[in-house]
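Structures follow.
Each of the next two complexes has chain A plus one more chain, namely chain B in the first and chain C in the second.
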Partner chain A sequence: MGKKLIDSGEAVGIIAAQSLGEPGTQMTMRTFHYAGVAEQVPTGLPRLIELVDARREPTQSLTDIYLEDEFVKDKKKNEEVAAALEHVSLSDVCAVTENFAKKELRIKVDTKFAQTKGITVRDIINKIKEVLGKSGKIKSKNDQILLHINATYQKLRRITMKVKSIPLKGIKGLSKATVVYNEKTGEYFIRAGGYNLHDLKKAEHVNFSRVYTNNVREIEKHFGIEAGRNALLKEIRQVMDLQGLTVDVRHIMLLADAMCSRGMIEPVGRHGLSGRKSSVLARAAFEETVKHLVNASIEGEEDPLNGVTENIIIGQTVKLGTGKVRLIMRQ
Partner chain B sequence: MMTTHKEKSPKEKTKRAVVYLNGLYMGFHDNAEELVREIISKRRSGELTPNLNVSYQAGSGEIHLNTSGGRIRRPYIIVKNGKPLLTKEHIDKLKANELSWNDLIAKGIIEYLDAEEEGTLAHVATTEEELTSEHTHLEIDNSSITGVIVSTFPYPDHNSSPRLTMASSMMKQSLGLYSVNFNYRQDSRAHVQFYPQVPLVQTSSYKALNFDKRPAGQNFVVAVMSYYGYNMSDAVVLNKNSIDRALGRSVFYKTYETEERRYPGGQKDKLMVPTPNIVGYREEELYKNLDEDGIIMPEVSIKPRDVLIGKVSPPRFMEEVATFGITEEKRRENSITAKGGDYGTVDSVMLSESLAGNKLVKVKLRSLKIPEVGDKFASRHGQKGVVGYLCPQEDLPFTKDGIVPDLIINPHAIPSRTTAGHILEMLGGKVASMSGRTVNGTMFSGEKEDDLRAELKKYGFNEAGEEELYDGITGEKLKAKIFIGVIYYQRLHHLVSNKMHVRSRGPVQLLTHQPTEGKAREGGLRFGEMERDCLIGYGASQLIKERLLEESDKMIALVCANCGSLGVHDYVKRRDYCPVCKGTRMEKIEMSYAFKLLLDEIKSLGIFPRLKIGEKGK
Partner chain C sequence: MEFTEKQVGAIKFTLFSPETIRKMSVIKVTVPDTYNEDGYPIDGGLMDQHMGVIDPGLRCKTCGGTVHTCPGHFGHIDLVRPVLHSEFARVVAVLLKVTCSSCSRALVKKGAKDTFGELLSEDELLAQMKKTKKCPYCGAKQEDIKYEKPTTIMEGKRALLPIEIRERLAKIPDEDLELIGMDPESARPEWMVLTALPIPPVQMRPSIILETGERSEDDITHKLVDIIRINQRLDANLNAGAPQLIIEDLWELLQYHVTTYFNNESANVPPARHRSGRPLKTLSQRLKGKEGRFRYNLSGKRVNFSSRTVVSPDPNISINEVGVPRAVAEELTVPIYVTPWNLEECKEMLKRTEYPKIVYVTGKDGRRRRVMEKNVEELLAALDVGWVLERQLKDGDPVIFNRQPSLHRISMMCHKTKVLPGRTFRLHVAVCPPYNADFDGDEMNLHVPQTYEARAETEELMLVERQIISPRNGSAIIQPNEDHVSGAYLLTRKGVKLTKDEATRFLGAAGIYELPEPEKDGTYSGKKVFSMLFPKDLNMEYKTRLCKEVNECSKEKCPYDGYVIIRNGILEHGSMEKKGYSGLILEKLFNDYGPEVAREFIDRSTKMAVYSVTHFGFSVGLENYKLDKKTLEKINEIRDKAIKEVEGLIVKYKNKTLPRSPGKTLKETLEEQIMMVLNHARDSTGSILREYFGQDNTSIVMANIGSRGSILNVIQMAAFLGQQAVRSKRIKRGYKGRVLPHFKIGDMGAYARGFVGSSFMKGLTPTEYFFHAAGGRESIVNTAIRTARSGYMQRRLINALQDLYTDYDRSVRDADGNIIQLRYGGDMKDPMRSKKV
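Showing the complex of A and B:
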């Protein structure tokens, strides 16, 4: 066991950075697609940048949902739940037109489409009533709903927006839920665009312990920093694997650990790791030199010169590798 | 616009068009096609300038007329009713010099099209056979799809286009006979090759461009094989004896010049042999070849730092008022010296007058450049290489006829770059040297591979161009047959002798005290951020310190033990003190000058940086 430990004073950070950076130069800008989801999830370099930047809103999030054990191999049940989870707002199934002269909203329901989502005209009317309360008169005929509101032009506009965004069913944030078959395990799972772990927790038939999203920040928020680190690790590895690049896991682990070292996922760069280094000189050497120097002078900061950059700046040996050891004269 | 179009009938829509001239709106025309037809016919008849081009896409509603400069235009033969207007009569007249190119344009037989007109209105046939009544133009020759340089390459249709791009940019760097009066010219840099040859495999445009009057290359006997690893990674092995027989030899001319400039205040430079009382006087040794007038004599050998033109200039700044009226002018040495790496002979000295009427001197230096390890050679197929070894002829392989290659390239250079043209040229060159004629390698219409093979067979060679070679060292027959042929190689002007540069100590920059950069300043090679990262990665901390401090801008600074600011040494009182706290407990600290600069800069921000000094090693 002791043999496998890294030597003290080894420059693991630099080595990790080089080991990740070198194959990064070979990464193709080509992106691959996930089956079943119309939107593209970036892979390769753009995705890696996104992860390292620790974006709060990645370009495209995905959530993989497994059902409780008894349903996990049931395709039908999966499809049912998928339909139930997918978020449908009013504007998804209806065409809403305003008529300012008559002060009314004409809502035309695409009944065929609504049917596939298991929504009836009745449901829609009820929802509208729920949201608007008594502020409007509702008339309906077949797939047409007429909403008469006695309000000013501006107010009418606001109501239109409100009506359009009325959630009819599903979990907010989840879109385009499709059932995917996992060949390895023989199980089905639901892959949905977007993320909303908070509401998924309460969703029926969902095995919440197996829910996974590629939104690292969301995982960190709900499961804590350790889970966040693992998700980050998993995502970066996935990017590298997809490109056919082999990088030792420990390098990625170090990166993930460094990004999570303050109890939250922080980006690498000016606003994250590099911007919060303990040494003034190291920070000043990176970016925004004057800002760091001025702030340091205001606080009377002292640099103990423990890092690599600082020592190179002032022209001392680096406390690393061969510079780690010191000779002390015997008295 | 859209709505107006929608209201009109589709027929009308296609006819009406906006007319733009050089991108500027001119007006409407109700029948676009008619207008276009009229413009073109007027251009051909000479009523409109032949420089005008039209473009019109049916239904687009826009006609663009262009006369502006900078468009790329190509000539085409005009076709009417499926018949080219250029007839045999014209060609005969052209041959007899009774007709010129411009006559053809004036007669409306040939016209120039730009990319836009070619793309929208022209329907061009590539050969006469494929002409139909639909066609409007005929390509003059198919090889004209390339530019001037590529048109001189043999078999370019067998190479990949990036290689042609590379080959054409390399041809511009090749050494040859750039000018016949080079002896009277004073080019600042010029190369002239000894015995330039006309290539054995030529194209139809080669002679037309008069390239054969000023060739830039030589025909080499080339073998495709490895040679003890001396031709790995695009290196080439050259035959030392061929080099001694002046293969690839060239001469390099470099001109130094200066003038006797006049300065405000009536002062003037003086060309003379500087005297020891002049500020900045060099060693006497360096002036020894100067003539009385301070200018070097022709045919004198020169080495770097030798003075070529002795010049004395007035002081850069005005002299302080002298105490006793008489000012002995402190004149400054400002001679022109040979730069680093410039070994050679003075070829000629030219005396003249500059535009400003000052005395102007130009000294031309000549140096013989015999190919050596590190010089660059290239064929006309983007196959470049650097000499890796000059091999004595007796060690090189030879054929049963006693042919020894001049150059050996590595077979690995061929397959991944798909330069089949290179191989074909070698084959063609072999045929040419046996038959005594030049081989035609014009794009699309050159001599076919099968014909070359058949001819080679006729001369008793292996038709694939492969021969059995004997090892020059052991005399044994090589196991594999080796492809050997004759191909045109160019020596490129990247010569090591002009680039070689070393430094162990040398000048430093004024501001940072770090070594200078670049060959001209006798500088060092930058040890950059990424290189530094590598040393950190190795944990070689002493080495980093050596590279970045000891070998760079190390200095000893005085630091006040009391307040931590930088101190000074008072030479009068012979003591160190701190100008901030007036303390005298000063420590000598080793640091980089760049760090001292950083401290200065921080101070200029109004921040007081203190250095806390501890025991060494703690």
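Showing the complex of A and C:
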């Protein structure tokens, strides 16, 4: 046990960074495909960069939803809930055309498609009424809805946009929900594109305690920094495993902990960890040299010279490893 | 060697006040010129000798020093009209916005509270001030202040003159500045409006003498000439009482020159250009970016005592060693400090006239002298304790060996010098993986540590044998490779019997001069011969790569020799292959017996393996991939069946009877299925090839034991290449409706979309060749993009994490002592030492 302890003074940060960065050259750039949910889910290097950047909107978010215990093995129920969760907006089932001369909107409902989503023309008309209130006259015939609005062109365009985005059903942000069978546990779960933990909390039959999304910022927002840190750790590990690269968890943990050390997930880079260092010289040597020097002079900043870069710049021993040890001679 | 006794404790960043600028100035520069016709610096000019000298023979008029001793001194210019410092203009605008235009007090009083009665924070205060329209002190109405890039500040519709700005800023009381968040001690706001400009010393902007004898001035000097010239013209016009319009024009021009002097890339400012049209490199440009002062000169430093040349392999040296060419060893030196205990030894060394000899001596006076035949006697007589001798590099000296890109710490390791004939650095092939080196022309660097501390640290911490295990995942990274694995396998195969003579040669190659127990028939088994490399108490049991994963493992009765049992240092069952030989065994030796034993194992076993490979013979040729008619037909049948299947899918697609997979269009479904069918067809030829070639085909053997290549390589050479892909899809771009004019428009068949039905043995048709090239190009482009992207990511990662270290309590802390982890990795264990074995 004692033999396996980490040495004190070891530059564990640098080792972690190298261990995560060095295999980057061996990673692929190909995107991953989840049948039915999302076309291009980044894996490998692009995904790692995305995680390290702590993006609020990753290229493709996914949410895995398990139902309450009694339904978790019920494929039908899963499909039902999946259909109910999937977000459908008006423009998904209708074609909207503007007629500026007549000042009207022509909405053509794709009834066949709408039916598969369980939406009727009546539903759509009601929703439009709800949103627009009294500002327009509505006429409808079969699958056609005619909307007459007395407004300026600009306003008309704005209303078109509004109408197009009217939510008809489902949870905003969740798209293309499909049911997936988990062979290991014999359970079904719903995998959806996008994320919206806030609304999922209230969704029927959903076991919220088992909901997971690969969007770490969303997890942090709803479950706090510890959960965010664990999600980050899990996601980075997954990237490495998928590439068949073995990296010790401790390195990934250190990165995740460093990114979360201020109580929020901060990106690695000039807007995050590197940009908030206490050393002026270290910041100036990284990026945006002039900006940091100018601001430091205005605030009368003092560089305590504790880090690596600063000491290299002024030519002193770096306070890491063997450079950390000091000897004091007894007088 | 001097030891620094003083340390820089901290560095504070402040602004210069005009008084400080004048006080530290050694001369007021007034002449907008540099040298006169005779090539002497003009007095009061930009190259005035008070500011330092760059020409040999001249002496500094301030400190009396020469080129080598004078550090340079600042001068200054008095600007006749103040101008804004462009980099601070934005801050100045904010300051004017938050202070009163008439009394210059901050627009919110100290101790201001919000609606809930809470004290306002600094940010809230600032936001509040920006909104305030009436001064709380004098009641003056505040006009809108707007900042326009680069140096204009508008009040309402009028541009403020720098003089006015300066007056207002000067009136802001210190306490209000503190409220705003500035430190008045180090940065009074009026200092941001320049009235005096410091002129950097000549050393900072040396002129170059071209071959023609002409002098060419530094960009900064050019810019300073411009500033002084306009400053003089403005002065003359002011004194002559010129009209306001002209004065303002000149003033503006002065502002432009000062702006570009600081930053020639600021927004909305046309860059100042050199006569040749090239934009000038002014102060900001000197500091910024990859080639700027910070990253190029301060973070990256150049060194002496280093060497670089091509690397080539040498399986006969230890992994701890590096072969150094004699020429390099004669050039590089190691310092020897003369003490009472080695004085005699040093004298002997100094007498030497041949390699390894003393090249330089440094006496107590600090003078460094070259040792020559002429002065040896004199130096010998004077040699005394305290002198430093510089000795040529010799066998056993620790050096740091490095190959770029240095992506991780094992890109730099300590090797022991071994001077060899030739002109290349030699390294053992087992240390190639950490450096990612090969011998197709790679060059590597070598550094000689120059102090005893450095030598001790490199030897103790960086020595190759200590890096056998990678800190990334705790598995071996310095390991026997390729032919080593093949050789070990050949020797430890089932039923290898060696005569006494042969066994002696095998062991002798590894430097072992004992024989193992002979078999009953007097022969020596290969396994026992190889076992001589193990420690006598090694016990292991593991499944190898040869294991076929049958339902029930028959362990020692494994027909493939895929289950290794080592009892008391004797390999009883199983053969050596990559997983065990280069992994498990090596890691076990390292963890249980220490680096030295692991190193010795690599050194000896690789030598034995190389001998083994040459003894048994192991080569690959065309014969390895020749198929008989029957097998060829079988493979062609698989291929043609797959193509038929693809055609069937296309017909289904055209009839729209193909079932659509969820979330995909019909076409995507088709493409996906075609890819699957074709890739499956290719992979399924593997078993036929295996069966036909049997276990004796070297190419198959290599794939099985993991020494080189995979079964896919064999398939591509003997069977067919399979579907070529661009962006993981079949190739589809090219002509309208077809990739190449050789196909019919709309042809979706396998061959028309990048399927290669030929093998490398058979040769590719022209269209197949094209498709293969298209696929090949994609991977080349990808590699290029990937290296750039991952390089930047690593730079960011390193920068973000570089200050983290484990403290004595094994908590992880950053440079300021903040705790990042309470216990490193949750268990305080070192990843390098904690892989489960």
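FYI, the second predicted complex is superposed on the first by the 324 of 331 C-alpha atoms of A that agree within 3 Å, B and C clash if a C-alpha of one lies under 4 Å from a C-alpha of the other, contacts with A are read in each partner's own complex, and residues count from 1 in each chain.
Rule of thumb we're sticking to: a contact is a pair of C-beta atoms (placed from the backbone, for glycine too) under 8 Å apart; a residue touches a chain by one contact, two chains touch by 3 or more.
Worth saying up front: this structure is predicted, and the values here are computed from it rather than measured.
When both complexes are overlaid on chain A, the residue A:Ile14 reaches chain B and chain C alike. Contact with both chain B and chain C is seen for A:Ile312 once the two complexes are overlaid on the shared chain. Applying the stated contact rule after C-alpha superposition, one finds that A:Gln331 touches neither chain B nor chain C. Of the two partner chains, neither chain B nor chain C is touched by A:Gln154. Looking at the shared chain after the overlay, A:Lys3 reaches chain C, while chain B stays out of its contact range. In the superposition on chain A, contact of A:Asn142 is made with neither chain B nor chain C. In the superposition on chain A, contact is made by A:Thr322 with both chain B and chain C.
Of the two partners chain B and chain C, it is C that touches the larger number of chain A residues. Judged by the touch definition given at the top, the superposed model places A:Leu293 against both chain B and chain C.
By the touch criterion defined above, A:Ser209 reaches neither chain B nor chain C. When the two complexes are laid over each other on chain A, chain A has residues 9-11, 14-15, 17-18, 290, 293-294, 296-297, 302, 308, 312-314, 316, 319-322, 324 in contact with both chain B and chain C. By the touch criterion given at the top, residues 532-534, 536-542, 544-545, 548-549, 554, 590-592, 594-595, 598, 602, 605, 607-608, 612, 617 of chain B touch chain A in their complex. Interface residues of chain A facing chain C in the complex, by the touch rule stated above, are 3-25, 27-31, 35-37, 45-46, 48-49, 52, 176, 178, 246-251, 253-255, 257-258, 261, 268-269, 272-274, 277-282, 284-286, 289-290, 293-294, 296-309, 312-314, 316, 319-322, 324. Put simply, chain C touches chain A in their complex at residues 4, 7-15, 87-88, 91, 181-183, 185-187, 263, 284, 287-289, 292, 294-295, 298-299, 301, 407-409, 457, 461, 471-475, 661-664, 728, 782, 785-787, 789-790, 793-794, 796-808, 810, 812, 814-816, 818, 820-821, 824-826, 828-831, 833-834. Remark: chain A residues 9-11, 14-15, 17-18, 290, 293-294, 296-297, 302, 308, 312-324, 326-328 touch chain B in the complex.
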